[in-house]
Amino acid sequence: MEMKDIVSLASIIIAGLTIAIGSIGPALGEGRALAQALSSIAQQPDEASTITRTLFVGLAMIESVAIYCFVISVILIFANPFWNHVVSQAGK
Amino acid sequence: MEMKDIVSLASIIIAGLTIAIGSIGPALGEGRALAQALSSIAQQPDEASTITRTLFVGLAMIESVAIYCFVISVILIFANPFWNHVVSQAGK
Amino acid sequence: MEMKDIVSLASIIIAGLTIAIGSIGPALGEGRALAQALSSIAQQPDEASTITRTLFVGLAMIESVAIYCFVISVILIFANPFWNHVVSQAGK
Amino acid sequence: MEMKDIVSLASIIIAGLTIAIGSIGPALGEGRALAQALSSIAQQPDEASTITRTLFVGLAMIESVAIYCFVISVILIFANPFWNHVVSQAGK
Amino acid sequence: MEMKDIVSLASIIIAGLTIAIGSIGPALGEGRALAQALSSIAQQPDEASTITRTLFVGLAMIESVAIYCFVISVILIFANPFWNHVVSQAGK
Amino acid sequence: MEMKDIVSLASIIIAGLTIAIGSIGPALGEGRALAQALSSIAQQPDEASTITRTLFVGLAMIESVAIYCFVISVILIFANPFWNHVVSQAGK
Amino acid sequence: MEMKDIVSLASIIIAGLTIAIGSIGPALGEGRALAQALSSIAQQPDEASTITRTLFVGLAMIESVAIYCFVISVILIFANPFWNHVVSQAGK
Amino acid sequence: MEMKDIVSLASIIIAGLTIAIGSIGPALGEGRALAQALSSIAQQPDEASTITRTLFVGLAMIESVAIYCFVISVILIFANPFWNHVVSQAGK
Amino acid sequence: MEMKDIVSLASIIIAGLTIAIGSIGPALGEGRALAQALSSIAQQPDEASTITRTLFVGLAMIESVAIYCFVISVILIFANPFWNHVVSQAGK
Amino acid sequence: MEMKDIVSLASIIIAGLTIAIGSIGPALGEGRALAQALSSIAQQPDEASTITRTLFVGLAMIESVAIYCFVISVILIFANPFWNHVVSQAGK
Amino acid sequence: MEMKDIVSLASIIIAGLTIAIGSIGPALGEGRALAQALSSIAQQPDEASTITRTLFVGLAMIESVAIYCFVISVILIFANPFWNHVVSQAGK
Amino acid sequence: MEMKDIVSLASIIIAGLTIAIGSIGPALGEGRALAQALSSIAQQPDEASTITRTLFVGLAMIESVAIYCFVISVILIFANPFWNHVVSQAGK
Amino acid sequence: MEMKDIVSLASIIIAGLTIAIGSIGPALGEGRALAQALSSIAQQPDEASTITRTLFVGLAMIESVAIYCFVISVILIFANPFWNHVVSQAGK
Amino acid sequence: MEMKDIVSLASIIIAGLTIAIGSIGPALGEGRALAQALSSIAQQPDEASTITRTLFVGLAMIESVAIYCFVISVILIFANPFWNHVVSQAGK
């Protein structure tokens, strides 16, 4: 039953690292965009609604990159085709 | 009972590293946004309410990235499907 | 049945790392472009529509780089030709 | 009794590294926000109360990221489910 | 049948890493160019058409570097001459 | 008596590294905040009392992150539950 | 037939890494040049033709560095003298 | 008497690394704060006493982080509980 | 025939890495020079011919560094004296 | 007499690395403070005595961090309790 | 005949790495100098001849550093005294 | 006579690395201070004597950090207590 | 005859790395100085002779650092005392 | 005669690395100081003699750090006490 070990080991390790490493870029990118948005509102209060609308659309786009990582991470834990294959093999 | 060793070992290591590495990006991003918010309030006090509202919505979005990491980390400790499988196997 | 181990192991590890590493560049690049867009709107509100249109076309182009990574990552999990070959071999 | 070795070893190592690595981001982020707050007070003394209020709410949010790390770290030392399982197994 | 293992293993690992590492440069480069484009439009609205035309030609050129990586990555998965050689050898 | 070796070895190594790595962030963050505080006092001497009060509250918050590391480090040396368990086991 | 393994293994690994690492420099360099070109057009619209001409000559020069990498990468996959030697040896 | 080797080896290595790594942050942080203090005195000579007082309180706070490292380092050399335990064990 | 393995292995690996690593410096350097050239043309259109002439001479000089790498890389693949020696030895 | 080897080996290696790594932070920090001091004197010659006095007190404080490293380094070479213990053991 | 393997292996690896690593510094340095030269010509067209003369003398000096690397690299491939010694030994 | 090997090996390696790594910080720090000193003299020629006096006192202080490294390095080569102990042991 | 292997191996590797790593610092330093020289000539054409004279003396001083590396590198290839000793030993 | 191998191996490796790593800091530091000197001469031509005098004294001080590395490097090649001891031992 060694194969299960390897698959579960790899899944745990990679699930964690994927979301850990994958959170660095989006968090920094969103922080930068948010900081600039606040600066722009302070500079041009009349355009606050346009700025916040563009900001939230853009943040959603950046967030989507983080969500790609989260999706892969959750798939590896709860819907891992290799794990399913191994378990079904072992069940036979 | 070797498989338990491997699964618990990997879970402990990755649970810690996930939240540790995953805290760098959000903390820096939030710090940057917060710093800019304070600067903007000082520059445009009349818009303080708009700025703080946008700030807290944005911070929540960045915080969500850190929470993804925390969720994966807690799942690996308390709701690890691979661990449950191993324990139920051993219980048989 | 050792070969399955190796192929599934490699697929899991690389699927996660590909999207994790591949998210850093696009997220930072989009954050920068978005930040500048907000600054430009505040500076030239009359051009808001031109700016946001150019922004979204450009963001889509950067996002495409992240999607290349996501595509390779999903192919490795769900449509891996090497895995299919191995399974079909084993089925014989 | 080898499994205890591995679990306790991993718990000690990761408990320390989690809080060590996890302290870098929040400390730098808080330092940046605090620095900007002081600059803003000097620039706009009349808004000192708004600025410090926003500052402390924001610092608490960043601090929460560090606390996630501390929580995982303390759980690994004092409330480690894998350790409890091992000890209860050995006690049987 | 050891050689298949090695070739498929290497192909999977490198296919993922190639596009992952290769996405960092183009994404950052495009982000920078896009950010400057938006700034230039805000500064000189009358030249918006010239700027966006130059921008998209340039982005295509940078994107081509990312596509080189994607091409090599896809070749390694679906049109790998070494894999074909191995399989044809094994078929003999 | 091998287990004692491992536990004491790991405790010594991690106790040192935790406080060593954990001192980088807080020290840099405090240095930045302090530098800005002095600059602000020079710029707005009348607000010196508000600035220093906010500074010390903020420094205490950053210092708390360093203290988390120190606490974990001291726990690992003087109140290590795994070590106590091992010694009590050996004493039996 | 061990030598084939080694040669094909090395060729796959290096072909991918060469274009992956080799894309970082040119992509960043082109991004920088393109960004400056757009800024210059906005600043001096009358010189737009001279600027874009110089830009494209320069980009071609930078692109040539990326193409060196692509050439080496493709040679290693499809026209590898060491592989040809090995195959012809084995055919004898 | 192998355990002594391990404990003394680890203590020597970590004692040195702790203070070596732990000196980087505080030294840079203090250098930055000191540099700003001198700049502030030059800018606002009348506030020299307030500035130097705040500076020395702040430096002491940063220095405390370095002292945490020094304390752990000295404890590991001269008051190491694990070493005492080992020696007392060996003395029995 | 082990020696052939080693020589061909090393030649493939180094040929790729040489041009990959060697492309970073020249690409960034050329990008910087090109960016400045465009900025200078926009600033001083009358000197466009002098600037572009100096630019292309300088770019050629930087490109020569990349060509050194390409030359070494191609020599290692197609005119490798060590490989020739090995093959001629084996032919004897 | 193996234990002597290990202790002396570790002492030599760590004594050197401690002062080598520990010199980076203080040297950079002092360089920064000194540079600013000279700039401040040039800007406000009348305050030269206050500035140099504050500078030397501050430099002494930063130097103290380097001296912590030097002290640990010299202790490890000339007053190493573990070495003394080993030698006294061997002398018995 | 093992020694030939080692010498040729090392020569190939180091010849490539020397020129690869050695190209980073000169390429970046020349890029910086060239960029500044173009900026200076745009700023002071009358001094174009003095500037380009100084530029080319300086570039030659920087290029000489790259040539040192190229010389060592070529010596290692075509005039390696250790290789000659080995071959002459083997010829005896 | 194995112990001599280890001690002399470690002494040579660490003596070199100590001064090599330890030269980075002081050289950069002194370069920065010197650069600022020259800038200050150009700005305030009347204070040249005060500036150069402060500069040389400060440089001596930074140099002292480099000398700590040099001292440890020379001690390890020419006055190494562990080496003396080993030689005297062997002479017995 | 193993010792020759080791000495020639180490000499080849280190000869290349010494000049490769040693070229980074001087090339960047010279590039910076040269860039500033050109800028200064453009700013103060009347001082061109003083500036170029000081530049070339300074460049020679920086170049001397690169030459130290080249000297060590050439000594290791053509005048290596350890190699001479080994060869003369073998000739006996 | 194994000990000679080890000592000569270590001496060659460290002699090269010491000067290679040790050249980075001084070269960058001197480049910075020289660049600033040229800028200062252009700004204040009347103080050229004071500036160049201070520059050359300072450069000599920085160069001394590089010379420390060169001295250790040459000692390790031509006046290595450990090597002399080994040779004299072997001669007995």
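Lettered A, B, C, D, E, F, G, H, I, J, K, L, M and N in written order, each chain numbered from 1.
By our rule, contacts are C-beta pairs under 8 Å (C-beta built on N, C-alpha and C of every residue); 3 or more make two chains touch, one makes a residue touch a chain.
Just so we're on the same page, UniProt names per chain: A, B, C, D, E, F, G, H, I, J, K, L, M, N = ATP synthase subunit c.
This one's a predicted model, so the numbers in the text were calculated from it and none came from an experiment.
**Q** Tell me the fewest steps from chain C to chain L, where a step is a jump to a chain it touches.
**A** Tracing touching chains, the least step count from chain C to chain L comes to 7.
**Q** Can you compute the centre-to-centre distance for chain B and chain K, using the mean CA position of each chain? Integer Å is fine.
**A** 47
**Q** Just curious, how far off is chain M from chain I if you go by their C-alpha centres, in Å?
**A** So the centre of chain I lies 21 Å away from the centre of chain M.
**Q** Just give me the whole-number Å value for how far the CA centre of chain E lies from that of chain G.
**A** Taking the mean C-alpha position of each chain, the two centres sit 11 Å apart.
**Q** Where the centres are mean C-alpha positions, what is the separation of chain B from chain L, in Å?
**A** 44
**Q** Pull out every residue in chain J that's touching 2 or more other chains.
**A** 11, 13, 15, 17, 19-21, 24-26, 28-32, 35-37, 39, 41, 43, 55, 59, 66, 69, 73
**Q** Ring order, please: chain M first, chain N next, then the rest.
**A** M, N, L, J, H, F, D, B, A, C, E, G, I, K
**Q** Can you list the chain I residues touching chain G in their complex?
**A** Residue list for chain I touching chain G: 1, 4-5, 8-9, 11-13, 15-17, 19-21, 23-32, 34-39, 41-43, 45, 48, 52, 55-56, 59, 63, 66, 69-70, 73, 77-78, 83, 87.
**Q** In their complex, what parts of chain I are in touch with chain K?
**A** Against chain K, the touching part of chain I is residues 2-3, 6-7, 10-11, 13-15, 17-22, 24-26, 28-33, 35-37, 39-41, 43-44, 46-47, 50-51, 54-55, 57-59, 61-62, 64-66, 68-69, 72-73, 75-76, 80-82, 85-86.
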